[in-house]
């Protein structure tokens, strides 16, 4: 048995063992991998990065727990970046099972912002992110289309109080904030069809800058909106989240996940190439014989 | 962190044990896998039996007949017609007898009649009419080459989708040998099919890897719990993993010794 | 004196003004007061009728939007549809519609027990309220009515489907009668089908059984029904060759029908004694527990051939790879598009999509079945023809032809869900 | 009676269901829902046959001490325990409280779920081994399969340098254009196949499933 035959007919258990080892090691050992930054992800990052301290952005957390693995890293990456830049955030969740999850995410992010860290060479002092001053969580209301249109008139129409029951006017962040005119952009992180409503009823009617975070499967369907300029950026799935984490120099779970994915894919591709090299060479040899 | 009870930890260990037992199948069929396999078959069959009883039979049959009396055959209940499916269902049980088993063909015939009749218009609409309608779409001739490299919304892509659908349908043509022009079109059809299969295979890899990563995370969480918990936890953890480590070591030794004995001959 | 009076009045003013300023402040916080909106114009041209092509219990309300919606005063926030049982009221809110929209479907439940119950042939009265962002400022229309809902006996929107089904039926009957009269019906060869015969022969030589997996579909899925017919043919050959047959099942009814099918095939082959009910057995109704058991069977019984026909989901590749590990020849067929690539990659032969439905005609070679296969082919030719004509006409700017084939959405798109 | 009546039943109910689709009226819907309930209930009753089959096969194994008979004991034990817990040790036959039984839940959460999830995750390995084994450039068709899969798998690989961008664009084009065309072609064909098969059953051309005697 020559080497080519061996390359072709390797016991599959070696494939299994090698793949399992690579997955476990890349999962456990933290190291950084290059991540290609696409234009549609970069435009979201640079938009938020160039905002001034005290500017308000709007984040809609519109996914269910079952797409949590893909979508949560985006929420974390964007919100933490914004808080580090001392921006203010208005959160909503227009998906029924979203609010509890969003609430937890907000607490997690505020915990993480308490610790001082250096991003892209700049040191950001840790600070307390305060509900009502730095952010407000409006919660959930049914009929997303109506809520989105309603907020275009005044945030107080669909949401007289926030998620925790406090009237909006008691929060300093809402002083002078009426509708989308006072916020810089809307970021919709969505695993549902709610994203269509943000495009038609929100952006279509009130013309605010809209960025989307979508599941990997959905992302492809929304590129036409990018071309038409209705959406200024898209993050697609775990890959999109990893790009954002990379740009914000804040590697988190998305980069961790991508590390495993990348190397698992490379292992599979290597095995395919190995099998093919063996196959082609042994065929050539057979022809010579 | 909240202190876990030993009981809960033992349950977690059971889960970890069965996870590892199932993974051991990748090496070869072995007693642990056999155990996991047979247990899960029994438990899941029991689980579905119970679910069907509580969530199927009760709301769909018992609750509808419950205001009747059994000695009147529930005919005095508010929805007496629900006795019909119960009788049909009971007819299935004639299969326990060799002599009467043909009676069970009636409910089966009903079942298949309903299923097929239901399928015809629905499938015609959803699969044929719908897809046919979306195939007959306008091509963006003004933007034929699209913006940039391989634009999937460009005119040529739309045209290719149309040609692909038509030639794939040609490929499935049974009444004609693939010869002449027909051969060309059918060949293009099978190319499109193969490219489609390849890309959808490649696309799925990512989702499948994440399934494995989730299992690693479960085992990782289990290990962290053990190492941050008390000595009892650690002991159980060692036993759970130890079984498989010993098994792996045994197999490794066998593999190495076999190699050595194989080389001289 | 006058000066003194003036100073006194000014002092008095100062005493009075501060508290009233404070009051002003308090009301300033209410956004509604700050906006102080004039009432908008009402909607016009209000009309309502029963929703067509449905089971009743729904009324469609249409109007022309307020002139202040997106123009004029531009202060409209939305519309509310109100309904009452008499022109005097009381009116209840039925739904809200965002600005720009000009219709609302008032859909009720047909269940008498439901709170949303909306009886047919009952007179209803409607009015539309035009809202502003201040909930106290709005404008109502006059009352419209009476309107009532009722069910239709024919769904006109589904005429294209009816035509297709009827056409297909006629073609099928034509070819079946042609087949019965003894016409020679040609069908080309299919590699996957030829393989089935070879595989059974191979199993006999090796003295090993054949494993037939019917998939995860219930008996109500047509793919499973097609699989029964293939199982029938396979079982007949197996009975003739006296090879073993293993059929693990996922669904109780599928098991029952499969038992009948295999038994009938053994009788056809003249070997009813060789049949026993344990060839076709039930495993469990849980996707991966089933897979675990079938995997175990493959590695322990080492079947010569594995045949997978029917509905398959994520387990397709697990089964096919384990089968390859056991060294079996594998033939698969499924109409589940997401799984075809995995079978194509991992199995020796794959019946792609509709080839699964053609297989029983191929295996049986009975003229009537071939007739039905011919009908299927001619229907396909018709579809290709229509698609080409439609494509050309649409691209020349005439949509009249394609409009004939448009079928609107409906509720029952996915009735029988399977595991995914 | 044994063979003709079932064929007649299939025909009558099949034709009824086809017409039902075009009649939106409430009464037609009522029958439709009632019939769906029928087949659901028939299915549940058939579960008894299925469990009987499972028990008999396992019991035979144990009785005749066939290979691996010890494991068949585990199957029967699992089944028996689950049913026992599901009825809350016989305390709750007619209320769903058994579903909240401690042991029922724990057997489900800590045995059934982990094994099933792990079984599912084996796909990560099988997708790798299938790719290794089958993706060989044997013929033009196999090469097309191989190349398109490789391109899609390389779509986010950063080590490709300047090629990476084109790789990503090609991958998304492959998924949105040829893949869509292939799917659509198959769907239309499958639709016709389904209708043809269903018609064969309704018209009684395909009647194997009704057995023989």
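In this document, chain identifiers A, B, C and D correspond to the written order of the chains, with residue numbering beginning at 1 in each.
The definition used in the following text is that a contact is a pair of C-beta atoms (placed from the backbone, for glycine too) under 8 Å apart; a residue touches a chain by one contact, two chains touch by 3 or more.
All figures in this text were calculated on a predicted structure; none of them were measured in a lab.
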{"item": "Most remote chain, CA-based centroid, reference being chain D", "value": "A"}
{"item": "Top chain pair, ranked by number of contacting C-beta pairs", "value": "B-D"}
{"item": "Where chain A and chain D are represented by their mean Cα positions, the distance between them in whole Å", "value": "33"}
{"item": "Separation of chain B from chain D, taking each centre as the mean of its C-alpha atoms, in whole Å", "value": "6"}
{"item": "Rounded Å distance, chain C centre to chain D centre (Cα mean)", "value": "17"}
{"item": "Chain C, residues touching no fewer than two other chains", "value": "158, 161-162, 165, 168, 220, 222, 225, 253, 256-257, 260, 282-286, 288-289, 292, 300, 340, 342, 344-345, 352-354, 358, 373, 376, 380, 383, 415"}
{"item": "Chain D: positions in contact with at least two other chains", "value": "18, 21-22, 36, 39, 42-43, 46-51, 54, 68, 112, 115-117, 119-120, 122-125, 127, 129, 131, 133, 135, 145-146, 150, 153, 172, 175-176, 183, 186-190, 192, 194-195, 197-199, 201, 209-211, 213"}
{"item": "Of all residues in chain B, the ones touching two or more other chains", "value": "22, 25-26, 34, 36-38, 40-41, 43-45, 47-48, 92, 95, 105, 108, 111-112, 114-116, 118-124, 126, 128, 132, 135, 152, 162, 165-166, 169, 172, 193-194, 196-198, 200-201, 204-205, 209, 212, 214"}
{"item": "Chain A residues touching chain C - in the complex, by the definition given at the top", "value": "12, 143, 145-146, 149-150, 153-154, 156-157, 169, 178, 201, 205"}
{"item": "Touching residues on chain D, where the partner in the complex is chain B", "value": "2-3, 5-7, 9-18, 20-22, 34-52, 54, 68, 71-72, 74-83, 86-87, 94, 96, 98-99, 104, 106-125, 127, 131, 141, 144-153, 155, 166, 169-192, 194-195, 197-199, 201-202, 209-211, 213"}
{"item": "Residues on chain B engaged by chain C in the complex (per definition of touch)", "value": "22, 25, 28-29, 33-34, 36-38, 40-41, 43-45, 47-48, 92, 95, 104-105, 108, 111-112, 114-116, 118-126, 128-130, 132-133, 135-139, 141, 162, 165-166, 169-170, 172-178, 193-194, 196-198, 200-201, 204"}
{"item": "Of chain C, residues touching chain A in the complex", "value": "29, 31, 77-78, 96, 98-100, 133, 325"}
{"item": "Chain A-touching residues of chain D, taken from the complex the two chains share", "value": "124-125, 127-129, 131-133, 135-138, 146, 150, 153-154, 156-159, 164-165, 168, 172, 175-176"}
